[in-house]
Amino acid sequence: MLILQQVANGVLLGAIYVTIALAFTLTIGILNFLNFTIPPIFMLSAMTAWAAAQFGLPFGIFGPMPWTVALAFGIVVAILASLLVERLTFRYLKVRYGDATEHAIPLVSSLGFLLVFQNGIRMAYGTEPHRFITPLGDMSLHLGGIFISLPQVLSLALALIIVFSLSYLLKRTRTGRALRSIAENPDAALLMGVDVARIVPVIFILTGLLCGIAGSIFAVNYGQVYSGMGDEVGNKAIAGMVLGGMGSIWGAIVGGLLIGLVETMSIYLFGGDTVQSVVWGLLLVALVLRPEGLFGHHGIGKGKF
Amino acid sequence: MSPNDAIFSLRGVTKAFAGLKVVTDVSFDVRPGERLALIGPNGAGKTTVFNLISGAYKINEGSIILDGVDIAALPASRRCAMGIARSFQNIRLMPHLSVVENVMIGQHARTRGILELLTPLWMTRARQEAEAQLAAFDVATYPNQAIATLPYGIRKKVEIVRALMSRPKVLLLDEPAAGLNTNETAQLRDFLMRVADGGVTLLVVEHDMSLVRSLCDHTVVLNFGRKIFDGPTHAVQEDPAVLEAYLGRPAHTAATPRAETADHAS
Amino acid sequence: MSGYTGGLLVILCLNIVMAYAVFLPVATGQLNLGGAAFQAVGAYTAGYLSATYDLPVVPSLLASMATGAVFAFLFSLLIMRTKSVYLVLATFAFGQFLTGVIINVDALGGSMGLSVPAHVEGWTVILFAGLAMLLTLILMQTRFGLAMRAIHDDDAVSELMGIGVRGVRIGAFTLGGALAGVAGCLYAFYFNFCDVQSFDASSSFYLLLFVLLGGTQTIWGPVIGAVFFTLVPEVFRNVLAYLPAFGHGATSGQVDTSWRFILLGMITIAMMVYRPEGILTRIGLGAIWHGVGLARRGRQGT
Amino acid sequence: MSRFRKGLTLAAAAIGLLAQPAMAADNDWNIGFISTRSGPLKEVGDSTAVAIEMATNDINAAGGIEGRKIRLVEYDSAGDPRQASVGVRTLANDSKVLAIIGPLSSGETGVAMNDAERIKLLMLPYSSSAPGLTAGKTFTWRLSATEDKQFNRLLKALPAKNVKLDTADIMYVSDDRIANVTGTKVYQTLLDKGGVKILRTISININSFDVSAQVAQILQDNPDVVALAANYAQAVTVLRELHRQNYKGRVIGSQLFADPNLVGLFGHDADGMIFVSGFWSHRDKQAEDFSARFVKAMAAKGFTKLAPHHVDAQAYDTVYLLKDAIERSKVTGAADKVDEERIALRDALKGINFSGVVGDNICFNGGDAELPGYIIEIRNAQWSLFDSFPPDACKAP
């Protein structure tokens, strides 16, 4: 029974990784950009949602918000932050230097953003956890002896809905096709009349949206928010994305869930202190054996001839 | 011509990308000191053949013989050490290295042993040699100049000088005259003649037929990845298969872009 | 020298040695996001040998260098097939994996950290920073160094020009690992304490930032990056205390020193906007030499 | 060229600012303070800094020490052990301080105390409670009780108060220095000795936010108590999950997560929890007075605190401990005698008998203080005193 319980725990834990892994995979798959601002934006969105629920907007406008409105506010903040990142990193990446470290340039500025967001939040709201109170927080089900919390089920469902709609967006809409053409060959996309400067912000809006949604899921599920919450989720989501294959939406979902499962299973089998070495060791083995991930393709960071 | 005379031969070379054959059963021989042109319509597989010879791609079938040794299984860096050097269709100089440093990279294939690898270059004559080579071919630049600031024609020459620094037996030139005007092309021809006089066998992919005629004594024509002509250059224009490939059968020329893209895929 | 300048100088020098350890693979185009893990290998080797066998400094240093090199060699051999972003993430995974293992090894002190009896003074660290700089300078002047730079620019063409790209990459990674081992050993002996948290993912981030922000094209980039990231927060520590907007001196409790990291982040972003190839590029270096030359000639003229 | 030169000038100016050591006024007591005002430990650091400033102001307002005021020279280590080391050197060599208060965490102390030992400078960390940290060090003295002592008291109190204690699960944070030792060594040994059957030892990570897998294991065992070794932040995560999965037993722990704000986060959900604290805010009039003023001072800085953490109280008392030591040692604070006086100050701590807000008649065994222990039960969303233990006696110095 315990093992089934742990499988359930793992899958539900994976849901949060999936959402963040999707954000990572979008920017890396389409823009070849390892965006380290994703974890701090995720944190930023949850923390501002908490602050809005606790204090309201700055200068006391409106007063404390209901938790739903506060979460929506957090998502909006995440999108704005993501657009700010686009404005100050990606827009300056027009020049292609053609060497092996070219994708490092936005990486550096994304780490700059990490410093700004994280220290800003620490300064404003401290480093210790805050409680995010929702009526959903304690709702749970018992399915044949297995304990499942309701918000976790909802967040898994939400993650799946996001994946399906993203996949639809990329396959069936004009914007989606434009995005995919950029992913395949940015120069050719430009030649074929895709307005790259207009379409790139779409990715960042999606990234911000995903971070915001993940922040909401986290706040509701775990009932707490804190300035360091992005680190662990971000790292595991990266692991999930790589395991599933960079740039692949289905890879992100499989990888994210797999990391959640591996995590709870290694807790179950070997204890919590082994999680870090098991998860990352597994990822290392995966990268050695199949460098492109489960669903990945070799297109990312390809050499040119 | 017997294969024994050849310094360099292709035997039944075949290459396919994702099931699509871009080079099919190509064989030819090159004698020492010969200047061979490899021509054909767009997408005929010329650059692919170069990539196969230099080792950028692995062949599926056949053999590549240099000086009696099959080099088809060797990694690219070993082939260079054995005497194959090349230039690129779109110039591939190292953007962050200076002119002379780019040329010095060509010497790498001649380096033997870890000690030589770890000797500071200012303790050797490598730099003087590179500068002398640049001067010998009248490449008028500052040796420390950044690549990006050089005119196109000079960059082409630098790339060829770089290739020559490995002291190749066979030099592969991929469209050396592309982008040059008539005057520059004439200069290039003289430059290449001097290279050939130095005992280097030339293998040239070129669209400019006047250059081919004045430079090369031997021509191989490819079409759809197959060899359709192999003989003296002056006989090319009379060959019916070649004429058909270049002028006739428009239906097939329309299909060529597919092969062209495969040519550039990595 | 004041205690502050001295202490800071040692941290700076440790950072410089590590910056070169990360620079060597980066110079061949391999971004290493696990630099601190290789430093941890060196630190724990030295710490363990000193704490358990009372091994003196010099043999410990050699042992750290060797283990750092061996770990880096084996790792780079394993991940040879992975490239670009995948390589960055493989190094990241390696760092996470290794710290995850170390913290569970009781012989290495586990989460308690390892107390290290042998001590080196600050000047040793400074000496090694100079040495690391000098050796890298010489290495980059050799044919091997030229090959590294060629691979950084274009690995495919380098291979076609006869450079054994695999070998050079593995070699550069291994040399970097050896240097990281030395840096780790110096860390352990200078602070007399090693602690996995000092070698975590964010330390690795910073190390890579030193190199990328400084510039990967010249050997001065890592120094400039290390100086930037070590000293800018310190400048702000001292400047902010004098600015009314941020408070009136440290003890009043009005200064929120988080500002110095926020400002550091903002400057980093701005740097990448204005100098995306790093603070110092080859062209930039050329211009400086050119400027110095002009100045010298001008002086001779008068 | 001119831009380059301008850059050079700026850089020179910056380095000039770097080189300026903080100068002390002639007549003040020059005391160093390694604070943690930025970085991941900022919040604890800010709060203890308020306590230390409060103590300094209180002493100065009451006439200082022997009529002279305390002047705190602060250095922010940002929670970084390397910076803590620079802090010791800066304060010792440049500011010529008599002694140093701080640093905050055991990681920082682990590095900084080596420097203090070499410089021969008294260092008073006020929060690190890792057992055995000060072993072999003669210049590091801390006004904090180690986890083993406090937990032992808790175990003594439980049977006396009829708490069922036959079986236990231990849960600890494996990658946190103190929590790991406390969970794997202290709890293990003491529970064993107390005849409690340990069903399982479960670890979590410092960054874990989802502990459902671990808590599922606890629920399967269903022990009488869960002995939790975790800092406040991880304790919050664990307690929430225990509550969510509907665990009915009690959670006990040493002083690691004895934070009054737990109540604020959990309200009635925390009811039934028992832990030890080194400080009880209703101990006497003095403690109550300190607590009220501290809460007010924190509110003025924009932090909501229900009561001081025992670390805050220890930080406050550390300044008074230093005052007592200065008075006992008869040091003068003269700049030219600072080297001898630092040693004299350390020697003055030997055999000291200190009374403050944390307790009365506190003495030191080696570098570790003997503090009282207060067993706290959370009842009706309030801290209530369950039992208390006076400080242990000291061996003769």
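Order as written gives the chain letters A, B, C and D; numbering starts at 1 within each chain.
Going forward, a contact is a pair of C-beta atoms (placed from the backbone, for glycine too) under 8 Å apart; a residue touches a chain by one contact, two chains touch by 3 or more.
From a predicted model like this one, the values you see are computed outputs, not experimental measurements.
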item: Least step count from subunit B to subunit D, where 1 means the two chains touch; value: 2
item: Chain whose Cα centroid lies nearest the overall Cα centroid; value: C
item: Longest centre-to-centre distance from subunit D, chain (CA-based); value: B
item: Pair of chains with maximal C-beta contact number; value: A-C
item: Euclidean distance of C-alpha centroids - subunit A vs subunit D, Å; value: 36
item: Distance from subunit B to subunit A - Cα centre to Cα centre, in angstrom; value: 48
item: Averaged-CA centre spacing for the pair subunit C and subunit B, given as whole angstrom; value: 42
item: Distance from subunit C to subunit A - Cα centre to Cα centre, in angstrom; value: 29
item: Multi-partner residues of subunit D (at least 2 other chains); value: 38-39, 42, 174-175
item: Contacts with two or more other chains, residues of subunit B listed in rising order; value: 56, 95-96
item: Junction residues of subunit C, two or more chains touched; value: 103-104, 152-154, 156, 256, 258, 261
item: Touching residues (chain side subunit C, partner subunit B) in the complex; value: 138-139, 141-144, 146-147, 149-150, 152-154, 156-165, 217, 282-283, 286
item: Partner subunit C, residues of subunit B touching it in the complex; value: 54-56, 75-77, 80-81, 85-86, 88, 92, 94-98, 101, 104-111, 116-122, 126, 144, 146, 162-163, 166
item: Contact footprint of subunit C on subunit A as seen in their complex; value: 28, 32, 34, 36, 88-89, 92-93, 95, 97-101, 103-109, 111-116, 119-120, 122-123, 231, 235, 238-239, 242, 246, 273-277, 279-281, 283-284, 287-288, 291-292, 300-301, 303-305
item: Touching residues (chain side subunit D, partner subunit C) in the complex; value: 1, 4, 14, 17-21, 33, 37-39, 42, 49-50, 53, 71-74, 76, 78, 81-83, 85-94, 107, 110-111, 114, 118, 130, 174-177, 180-181, 301
item: Contacting residues of subunit C [partner subunit A, same complex]; value: 26, 28-31, 78-79, 81-86, 88-90, 92-94, 96-97, 99-101, 103-104, 151-156, 201, 205, 208-209, 212-213, 216, 256, 258-259, 261-262, 264-269, 271-273, 276-277
